[in-house]
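Each of the next two complexes has chain A plus one more chain, namely chain B in the first and chain C in the second.
Right, the complex of A and B next:
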């Protein structure tokens, strides 16, 4: 039991953070709790002797995805949900989607033959092996993901470039300068 | 983590009484006093205490040295009231900071306002764990040490956001957004600049990277290493929000940015976190390009390894102070353009140059010279062309009018 204590502690923290990320009223709090949950998952990977995956999880999810979520929350300017019920009215559809995704993930894992194999005596693959495999056996998936991400990046740039001055209809009427109100800065 | 090699096990095999290993052998001697079961724990605690004492006093020393050097470069004395030449100023500053009233704004998000300085400072301390500050002197030698370093560093952006948002102040929030934009933009060139080192040393472990740079063969002494070192230093300056990239603060526009609503101990923690972040990234620069604890030439190897590390570290810190005293600040758009249009393409090209360097690794004398020239020429041409392209042609040339 004592040797399993770190696992239970981390799992508890991760679960609580994930539940808080779903239920808290303030979207920024939710995003930060999600970041905490990501950190917990990363720590669990470390506990499983997979430091490379753990650090990559921290780097990508805490360093990039969490910041992205926060920016999205601030730019949409609805950090605080109003009084009343905070759950979406289409929760049933959401549950169905989640169940489908979960089944899509869990079923292949349960049916995969790798479950019958015994764990190797020395846990944790050296980073060098991971690198070698990524660059030899799995080079095609790796390059495909790289291409996909590049396409997403270019797409984002194209969308962001839309409002060029010459692309707009020729009207000399400029919008009046707006006063910056607290609401625009996402202050409560 | 089992993949981390136990430092104590390695010590016992390589222990010797020389001055090079004095810290290692002292640690081993103290730890051996403890009962055998507690020895790993005791040695780890001692290492942690050592890191905190050394880099904590580095922080105090750097603040006073920085203020004195800035003063000297600006033709003034700098602090000179407390102690001889004002060298006890950090102590006075510390007492002042700790006894100041800790003000939390009425409308602030109290919990986040409290957590933000901790989220900045705690991970930064962790980053020192993987730095090899001397031969056999890394607290933990992780297989993926450099990845650990950057993964830990990603918490600082969250901290800045928490500080800015929780203060419920527009200056704080705008300052935080600026700081995050800057930190995200410069993280890309920082990582890309470090990449050739990983390619050429073939390892993510910082100890292996140092081993790959024997005296006279530091990565700095190659074209891609020199370019990478320059880019790494620039990106590191921006990452630690130091002048000339100290845009998150601006008295006339956004006051102190995300620090506007912080005072007393919490402000001191931010200050500490910023300096420790600078130290960590400087230590990484020393490890990646300046051969870590290795001597520059082999006949200087009698000098202890930790002293080499300390010397290089101090030289880089002085370079940062010098840059702060002499370079004018950038505007925000210049700052972001510089990262995305200059540093990132150049760093990507540097990857290619490092690849060429790797493929021509077996070259003999004339080929060696050609390799040098070709690699340098590619980088120099890209530097000049990108620099030309970055020039803003829309603005009329600046005309300065001097008072006569």
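Right, the complex of A and C next:
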């Protein structure tokens, strides 16, 4: 029982952080709780003898994705969700879908006795083997991932780039209601 | 490693459901993206757990899939947040229910 304690502690922390990230009202708090949940999943990877994936998870999710999310929250300057309801108006259908998905995932796991097996005692994956396989068997997916990341980052910059005001035709340019939006949505 | 495989799978199922609930139920676009990221994390946890508990852990297949999945998730969140910022700049809102320009 004592050797299982790290798993249950990490599982509890991860689940509660995820639930907090999905229920809190302040978006910055949500992003920080999501970072905590990502950290918990990375620690579970370490527990599963996969240190390379665990540290990659910490670098990518906690280091990059969480910071990106916080930047997006601050750039859209709507950290508080406002006085209205934070949940969707069609929440009943959503709750039904979530209950169906949860039942469809949990019931087969609980009903299959073959999933109760323990791990084989083989030690995990050395980083040298991962590097060797990435450069031999998985070299084509690796190059494809590099191309995809380049295309995605260029695309993200192009999408988020500020439009030049003289690039649009003057007829259908409508000035945005900036004063109302700033007063309602920004914290400033 | 005395934890049975089903406990990891149960945790992953719960994490997926929490992420799915957030992606379906919340109104803010950034929170929908966080929910999708939680779902991807749950899938990755399944990959690693099945790799560790499988009969051939030396093959590294599940590990490689998780690494590539993390890279694709990073690309996805970059494009998704760029879309959120671009839509906010044009429409001055980031509530998902008001993104109705393509509604038929």
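The rule we apply is simple: the second predicted complex is superposed on the first by the 123 of 188 C-alpha atoms of A that agree within 3 Å, B and C clash if a C-alpha of one lies under 4 Å from a C-alpha of the other, contacts with A are read in each partner's own complex, and residues count from 1 in each chain.
Basically, contacts are C-beta pairs under 8 Å (C-beta built on N, C-alpha and C of every residue); 3 or more make two chains touch, one makes a residue touch a chain.
What you see is a predicted model, and the numbers here were worked out from it, not measured in a lab.
> In the overlaid three-chain picture, which partner chain does A:62 touch, first (chain B) or second (chain C), both, or neither?
Only chain B is touched by A:62; chain C is not.
> Classify the contacts of A:97 with the two partner chains as first (chain B alone), second (chain C alone), both, or neither.
Second partner only.
> After lining up the shared chain so the two structures overlap, which partner does A:52 touch, if you call chain B first and chain C second: first, second, both or neither?
Touch status of A:52: both partners.
> If you tally the residues of chain A touched by each partner, is the higher count for chain B or for chain C?
The larger set of chain A residues in touch belongs to C.
> Does the superposition put A:11 against chain B (first), chain C (second), both, or neither?
In the superposition, A:11 contacts chain C only.
> Is there a shared patch on chain A that both chain B and chain C touch, and which residues make it up?
Residues 49, 52, 56, 64, 71, 124, 185, which sit in both footprints.
> Report the residues of chain B in contact with chain A in the complex, numbered from low to high.
Where chain B meets chain A, its residues are 1-3, 107, 112, 142-144, 147-148, 150-155, 157-158, 161-162, 165, 168-170, 173-174, 177, 180, 184, 187, 202-205.
> Within their complex, state which residues of chain A touch chain C.
3-4, 7, 11, 14-15, 18-19, 21-22, 27, 30-31, 34, 37-38, 41, 44-45, 48-50, 52-53, 56-57, 60-61, 64-65, 68-69, 71-73, 75-76, 78, 81, 85-89, 91, 94-95, 97-98, 101-102, 105-106, 109-110, 112, 115-122, 124-125, 129-130, 133-134, 138, 141, 145, 148-149, 152-153, 155-157, 159-160, 162-163, 176-178, 181, 185
> Where on chain C is chain A touching in the complex?
So the residues of chain C touching chain A come out as 1-11, 13-22, 24-28, 30-31, 33-35, 37-38, 41, 44-45, 48-49, 51-53, 55, 57-58, 60, 63-64, 66-68, 70-79, 81-86, 88-90, 92-94, 96-97.
> For chain A, which residues are in contact with chain B within the complex?
On the chain A side, the touching residues are 28-29, 32, 35, 42, 46, 49, 51-52, 54-56, 58-59, 62-64, 66-67, 70-71, 74, 123-124, 126-128, 180, 182, 185-188.
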